[in-house]
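What follows is a group of structures, each given as structure tokens.
Next come two complexes built around subunit A: one with subunit B, the other with subunit C.
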Partner chain A sequence: MSEFLTYLVNGLAVGCGIALIASGLVAIHRVTGVVNFAQGTFAVIAGLSASWLLGAGLPHGAAELAAVLIAAAAGLLTGLVAIGRRGTAPQSSLIITLGVAVLAYAVEIVAWGDQPRSFPGLPGSVTLPGGAEIQRHHLLVVAATAATFVLLTLFFERTYPGKALSACASNPYAARVIGIDVTRMGLLAFLLGGLLGGLAGVLVTPLRPISFDTDVLLMVNGFAAAVFGALRRPGLALAGALLLGVAETLAAGYGYAAYQTEIALGFMLVVMVVQASRRATIHEEAV
Partner chain B sequence: MKRALPGVLAGAVTLALPAFLDDSALAVYIFLGLAAMVTVGVSLLMGYAGQVSLGQGAFYAVGAYTAGLLTVQGGPPLAGLLAAPVAAAAFALVVGVPLLRLRGHHLAFATLATQLILLSLAGQLEFTGGDIGLQGIPQFSAGSFEVGGAAGYAYLTWAGLALVMLVTRNVIASRAGRGLRALATSETAAASSGVPVGRYKLAVFSLSAAFAGLAGGIYAFYVGYVAPGSFPVLLSVEYIVMAVVGGLGTVWGAVAGAAVITLLVQVLNVVGTLPGMPSYAPGVLSYAVYALVLIVVVLFLPRGLVPSVAGRLPARRGRSRPRAARPDPDLRT
Partner chain C sequence: MIETRDLVVRHGSATALDQVSLSVRRGEMVALLGPNGAGKSTLADTLSGILSPAAGTVRIGGRLAHVPEGRQLFPDLTVQDNLLLGGWRSGERDTAFVYELFPALAQARRRRAGVLSGGQQQMVAVGRALMSRPDALVVDELSLGLAPNVTRDLAGHIVRLNAERGLTVLLIEQNARLAFGMCERAYVLEAGRVVAQGPCAELAGDPRVVRAYLGGAIGGGTRS
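And then the complex of A and B:
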């Protein structure tokens, strides 16, 4: 039982990392209609640069913060390339972000080498009353994610830029009519996506080492979770991510570690196919 | 006759080239042909039917493993080569039934997921040799005729490519090809005009998988071993890059795209391995070139190289210019 509890919390921590990536995907897709293939890349960039900054002597906290800002800058750059040119169709933008993700490989290898890197997270562990031992860093990941989601909700519902973003998401044409610059809001969404991806990278890297090509796995997991919320609803994406994280960790804990990928991807495929079979083609083509 | 001239010329050059190339150049030539074979399928799928597949590498892998498994067990290589496209098409047919309900980025991720699952399984299962893969695949032979040197594989590859291009050309020119173009613009409209949308999508998905499978089969015989590491996700991305660069929905564009990218990467490889370059240079350069070429082409040459270049040439065949010059009869009334 205590074993189960440990796995559960580990799984929630992994799920939180996925949720942050998924929420970045959702934020970008809602506003711009683009599925950002470089979302995992932001996490990788943040993870690698945090480990580099720590190695260069920056204290904990400052290094992570700087790494998240670097990832946010990467997000903004990706947005500029993907949607900065007027009239780029979302499908083309998807292919461009694919290009950005591959370009990032080259940059990352030159900057940080091609070996996996990691850095120590919050040390120590706490013992729950039931005897289950839980690493503090896992708790930190869960707490940070919860705080991020609360802040995100406040941002979208209480601030002007947040409301403008929501307006673009629900009807870009109407948003433009009332004077919201849709392209600029798209760039803001990419910035937000970079920020969220960076946060995920900084939090997850101490759990499992990260290398330049980890982005595919992060991205696919994030997409699987985001698909759970039909790429539009952050709350459902969070639920999907937690479910995914717990399922993967339980599978790994009880001896099916080798089949982690299949579980995550199979889950995503089933969800997508079920969703697709419940939507009419004509509606989807009209959107 | 005039229209066939470029094709005949290309064929003659293709046939003559292997005689002048040494073994390392022949390897590039063969990989170019294999990439072109897959890219023609991607171009047909993306350009005509409007379906994005990020998992074409999976079908390539299925073809390679099929050919490898059959011949390592002692089966005749010819059967292995014939089974490769059939197995890939059958696999595409099975996964296509649920997956082709998806469209756009959903389909892209679903096919990517298919490839990841397949690779992960191939790395774990006993009979595929796990992460080490299949070793000791025999040379390709048919009856008493054995393909020994690289030149033989070059002819085999380019014969396969010719077959693939011929099939694609005929599909495009047929009634089914028009149906595909219709469903790429709007599935609803196509369905209401009597195009069997689901069946056509599945058929073209399987056809493109068969092309990839054939290329994979030849690859397995030429290289002699297959492992999960031979088919990374980046491979599928490469095919997209080649198809987009050459021009989606054109047969020659796919070949041109494959040629441009393969040769470019080859040149950069040479540059990257020059003395004094860091050890990571070849990898970095090829990643950078894939990415930059893809981004620049999508942004500034969205129709791809071949259609853009062809559009700039003077209209010799008198097909495009008169049509543009003459006012539309419907508008005059």
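And then the complex of A and C:
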């Protein structure tokens, strides 16, 4: 039982990391309509930067913060390339983000080499009454994710700039009619996406070392969770991410570690098939 | 208030507007008629700054708001949020005057704009435009897809805004009867060119206008 509890909390922490990747995908898609395939890259850049900065002697906290800011800059840069040119269709932007993600491999290998890197997270652990042992870093990941999602939801649904950002995705033409600069808002969304991806990177790296190509694993999981929220709803994406994280950790804990990615892919496939069939029904009703 | 001179707007290599000159004086309400594809909405988009002219000039003597064709609301946001966003440029955050103008919207303020009836959606679109506290309003296809009594009601509101608050209005319509009933003066746009202009009373007697927009002799054909 205590073993199960430990796996469960581990799974929630992994799920939170996935949720943060998904939240960045949702933030960018909600505003620009673009699925950003460089979202995992932001996390990798932050994880590698943090490990490098800590190695260079920066204290904990400062190094992680700087790494998140570097990821945010990478987000803005990706946005400039992907949507900076007016009139770029979201499908074209999607391909551009894929290109950015591949190009980033080269930059990362030149800057930090091709070996996996990691750094220690919050040290120590707490023992629950049942005997289950939980690492403090796992609790930190869960708390940081919870805070991020509350802030993100409040921002999009309660604040004026948040609503203006949502309006850009809801009807870009109408947003321009009322004077919103849709491209600038899209860049803001990419900046936010970089920030969220960076946060995921610095939180997840102590759990699992990352290298330049870890973005694929992060992206597959994050996208599966984001699709669960139809790429629009942060709350549902969080639920999907936790479900995925727990399922994968339990599978790994009971000896099926090799199937982690397949679980995410299967999950994504089922959700997309179900959603596609539901959407078709809605269209029929509307006609 | 609104003036274009020899305005040329292109979509790629196609010319959507070809040397269009028109003017609307402060406090005036002027109609712009024309069939689908004549360039009416292109003109509206150019006046509100979404499209840029390839040649010619646009002069707007004040703040201009645009009620776009097809209403173009934010369907997943509430009525209240749709209105609030209308104040993006002006900084206006008080929606009370819109609900006073359209009491039917007051009960719907928390509902998503996408689920409202066509008439209510058009009210939101007009209200959102008014939130920018405009001096001039470009209304693109007010009557599109609406029942005649709903159109009449909305038209009444626009006429009152013009008469009582001095709002300058450029009314873009396919429904010539409605436009002639509301405005003193009109322009007729076809294939990107102004082909006729003048007082509505005169245009209503122009055989070409009658044939194209009034469905045969005035008073005959369909009644609206």
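Just so it is clear, the second predicted complex is superposed on the first by the 276 of 287 C-alpha atoms of A that agree within 3 Å, B and C clash if a C-alpha of one lies under 4 Å from a C-alpha of the other, contacts with A are read in each partner's own complex, and residues count from 1 in each chain.
We adopt the following convention: a contact is a pair of C-beta atoms (placed from the backbone, for glycine too) under 8 Å apart; a residue touches a chain by one contact, two chains touch by 3 or more.
Because the structure is a prediction, the values reported are computed rather than measured.
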item: Which superposed partner A:Ile178 touches (first subunit B, second subunit C, both, neither); value: second
item: First, second, both or neither for A:Ala276, with subunit B first and subunit C second; value: first
item: First (subunit B), second (subunit C), both or neither touched by A:Ala164; value: second
item: Residue contacts with subunit A in the superposition, subunit B compared against subunit C; value: B
item: Which of subunit B and subunit C A:Ile95 touches, first, second, both or neither; value: first
item: Subunit B and subunit C footprints on subunit A, overlapping residues; value: none
item: Subunit A - residues contacting subunit B, complex; value: 35, 81, 85, 88, 91-92, 94-96, 98-103, 105-106, 109-110, 113-114, 216, 220, 223, 227, 258-259, 261-262, 265-266, 268-269, 272-273, 276-277, 281-282, 284-285
item: Complex contact set, residues of subunit A against subunit C; value: 160, 163-164, 166-167, 170-171, 173-180
item: Residues of subunit C that touch subunit A when the two form their complex; value: 48, 50, 66, 68, 72-77, 81, 84-86, 88-89, 93, 128, 132
item: Partner subunit A, residues of subunit B touching it in the complex; value: 52, 98-99, 101-106, 108-110, 112-114, 116-117, 120-121, 124, 186-188, 191, 233-234, 237, 240-241, 244, 280, 283-285, 287-288, 290-292, 294-295, 298-299, 302
